[in-house]
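Notes for the one structure printed next.
Residue numbering begins at 1 within each chain, and the chains themselves are lettered A, B, C and D in the order written.
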Amino acid sequence: MNRSRLEAFSDGVFAVAITLLALDLAVEGPGHGNLALLLADRWPAFVAYLISFFTIGIIWVNHHTMMNSVVAVTRGLLYLNLLLLAVVVAIPFVTSTLADYLRDGWPNANTAAALYAGVFELMSITFALVSEWILRHDEYVRDPMSAAAKTPARLSFYAGQVPYLIAFVVAFVSVWATVAITAATGIYYIFVRTYAPPTPAAPKSPPE
Amino acid sequence: MNRSRLEAFSDGVFAVAITLLALDLAVEGPGHGNLALLLADRWPAFVAYLISFFTIGIIWVNHHTMMNSVVAVTRGLLYLNLLLLAVVVAIPFVTSTLADYLRDGWPNANTAAALYAGVFELMSITFALVSEWILRHDEYVRDPMSAAAKTPARLSFYAGQVPYLIAFVVAFVSVWATVAITAATGIYYIFVRTYAPPTPAAPKSPPE
Amino acid sequence: MNRSRLEAFSDGVFAVAITLLALDLAVEGPGHGNLALLLADRWPAFVAYLISFFTIGIIWVNHHTMMNSVVAVTRGLLYLNLLLLAVVVAIPFVTSTLADYLRDGWPNANTAAALYAGVFELMSITFALVSEWILRHDEYVRDPMSAAAKTPARLSFYAGQVPYLIAFVVAFVSVWATVAITAATGIYYIFVRTYAPPTPAAPKSPPE
Amino acid sequence: MNRSRLEAFSDGVFAVAITLLALDLAVEGPGHGNLALLLADRWPAFVAYLISFFTIGIIWVNHHTMMNSVVAVTRGLLYLNLLLLAVVVAIPFVTSTLADYLRDGWPNANTAAALYAGVFELMSITFALVSEWILRHDEYVRDPMSAAAKTPARLSFYAGQVPYLIAFVVAFVSVWATVAITAATGIYYIFVRTYAPPTPAAPKSPPE
């Protein structure tokens, strides 16, 4: 099996999930007062939307980077990838729940924040499972990493689970701390890669 | 006609259907009591979501495996594939109906469970129709199966219709038996393939 | 420009539109009486769903067949294709409106049926515009049709507009006649192609 | 990294966003009076739908044209592209808000129009950021533009931000002026390209 359909299907799921996020931005129709105030009042939905959008986006970029080195896929990898997608698909739901309950006070806001961070933690874990599969199957990988390079790669993607775990735990103390930690983790991952073959030099001649 | 657009379109439909499943996880907004209890109370939705997600996922994996051997598609195959997709697309609807009615008692819970198992049965039947087309059109298949290999392949995918038929019938007796059988069938198919060319050896050199 | 992104984007739009159709099958939650009766009462939604699903599916198959002969696309073709997609995307809306109003009596059922047939007519017209572009741009087509072959091809896809026009007109007399004509037209197009290069012989050796 | 997954993911997001636009066309079910009047009364939704559909469509065509010249993508480009998509995904939300509030009078209609034009302005800005990246990275581009050609290209896509800025400002004076300007801008861009490598001559022989 080649990897192109795995990528196409994953891209489809990522694309639909990321687009459904925005459905939750909707405000009520006329007859509910000043629209500017209604919109301003929805700011938690915008914050949650932005964090979730870029977190899914970053996972997609890293998925892209990671799969790029795989030359063939097995059913095992397809099912691990399905696990990851099952979590990604739940992100619009937890985002919308967080947006709705963010200002509802103890204990509902805390439950919503813990649910949010918990699903991000699951996403991080399932992503690590896929990464681990790739690190253990050199025979399916183009230019497999050296054993020496695998240790920091593993550290990097297992470390990725720490901030979301912290965000989950602090949700019971401060909802805003959870929001801040998940946002900061997203920003951090824009600049750091979990699975890192060397950046290719700019191509000199057009491939293909 | 080559098969790439059939795959792209099918992947799109599978990806959208699998992502829409999660829309039904949504809980009510603030003002309906403790969120943790609301979420706990939605557990039938989570169970139904997981079964449906992995059943669609498995069908996608098997679709992938099966189509991989097809070298060209005819209009006949396109329409059989459309029949399969028409059923896949109905899965979010029956999943959401089951989640809503699972604890509603006789007869509504039973109707919802029968509807759920019935659509899974239809999915299994339409998948068998596509498989049968492929088994009968060696001229469109790369490395067609020997006549001897076709018998167990047929047995495998026609047998796949038995558990969903049982799940449908027992729905009128026990809703939970239906849920258990559909879940067990999904788990079974993670480990067994309906259409089974030999697993390729791990590639030695990168293809392409 | 090559045609692959036009196909990928169109496939995405077709796949999302066809999947959204099923959203309208949803029934109300518990507390509205017998579920079997609720479902039976929704039969117009199932009929409308099936007609729309297969009509979009057939258009997708014909789009596939037609684009298969195009070797490069221009901005003109991209915009004509967008027109077609703008109509396809409206099909879930008119399907859901028809399902809701089918049994509402004069004049609402008739309005809904006319809206339904009207959008199918627009789909047929925009499809003909794309087909016409292809017939007029031999330089972008692999194995362009002979002038003699173009006449029946044109007849075929312009004739396709007649049944939907009739279905639109009779909507003001009989809603059921409209439903029957749109269903029959769909079935007819399963067996007849609007744009018809000769069916390729089954390949002897795997292409690629 | 090659650009195919960037395109596939972007196409998926564009396709879902463009299809979700039509969800907002839905009218209420039976019991709300004459359907023809209900539909006629929804005309602002149809206008907003058409403007948004073709604006997203045009952005997709231009994205297609622009990416066609890129031979490899970096993480920087992926993240700029994500920014653009984050804005595209918000278009169904602002379209639906405009449709709902278009006739609500001062100040809500004006807020909705400003929100609409504001998101189109953001789309134009993020599109310019992607274009600017490409103009600055000749080493990732096939047949990079000459320095002389870059000046008018830049002018063209930076100028694209002027009409949406005007539409945003006039929203506080006249909602209809905003609608007219965004519609006119869309029509204008059907005929003018922001990023313009010379149109390829029609191919003489089939590529591929």
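We take it that a contact is a pair of C-beta atoms (placed from the backbone, for glycine too) under 8 Å apart; a residue touches a chain by one contact, two chains touch by 3 or more.
Just so it is clear, the structure is predicted and the values come from calculations on it, not from any experiment.
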Next item on the list: Could you find the chain whose CA centre sits the greatest distance from that of chain B?
Entry: D
Next item on the list: Since chain C and chain D are copies that touch, just let me know if over half of their interface numbering is common to both, same, or not, different.
Entry: different
Note to self: Nearest whole angstrom, what separates the Cα centre of chain A from the Cα centre of chain C?
What the structure shows: 36
Next item on the list: Using mean C-alpha positions as chain centres, tell me how far chain A is from chain D in Å, no decimals.
Entry: 26
Next item on the list: At least two other chains touched by the same residue of chain D: list those residues.
Entry: 8, 12, 15-16, 20
Next item on the list: Please name which positions on chain C make contact with chain B in the complex.
Entry: 7-8, 11-12, 14-16, 18-23, 25-27, 29-30, 34-36, 39, 50, 53-54, 57, 60-61, 64-65, 68, 190, 193, 199-200, 202-204, 206-208
Next item on the list: Mind listing the chain D positions that touch chain A in their complex?
Entry: 1-2, 5-6, 8-9, 12-13, 15-17, 20, 71-72, 74-75, 78-79, 82, 85-86, 89-90, 92-93, 96-97, 100-101, 104, 107-108, 111-112, 115, 137, 139-140, 142
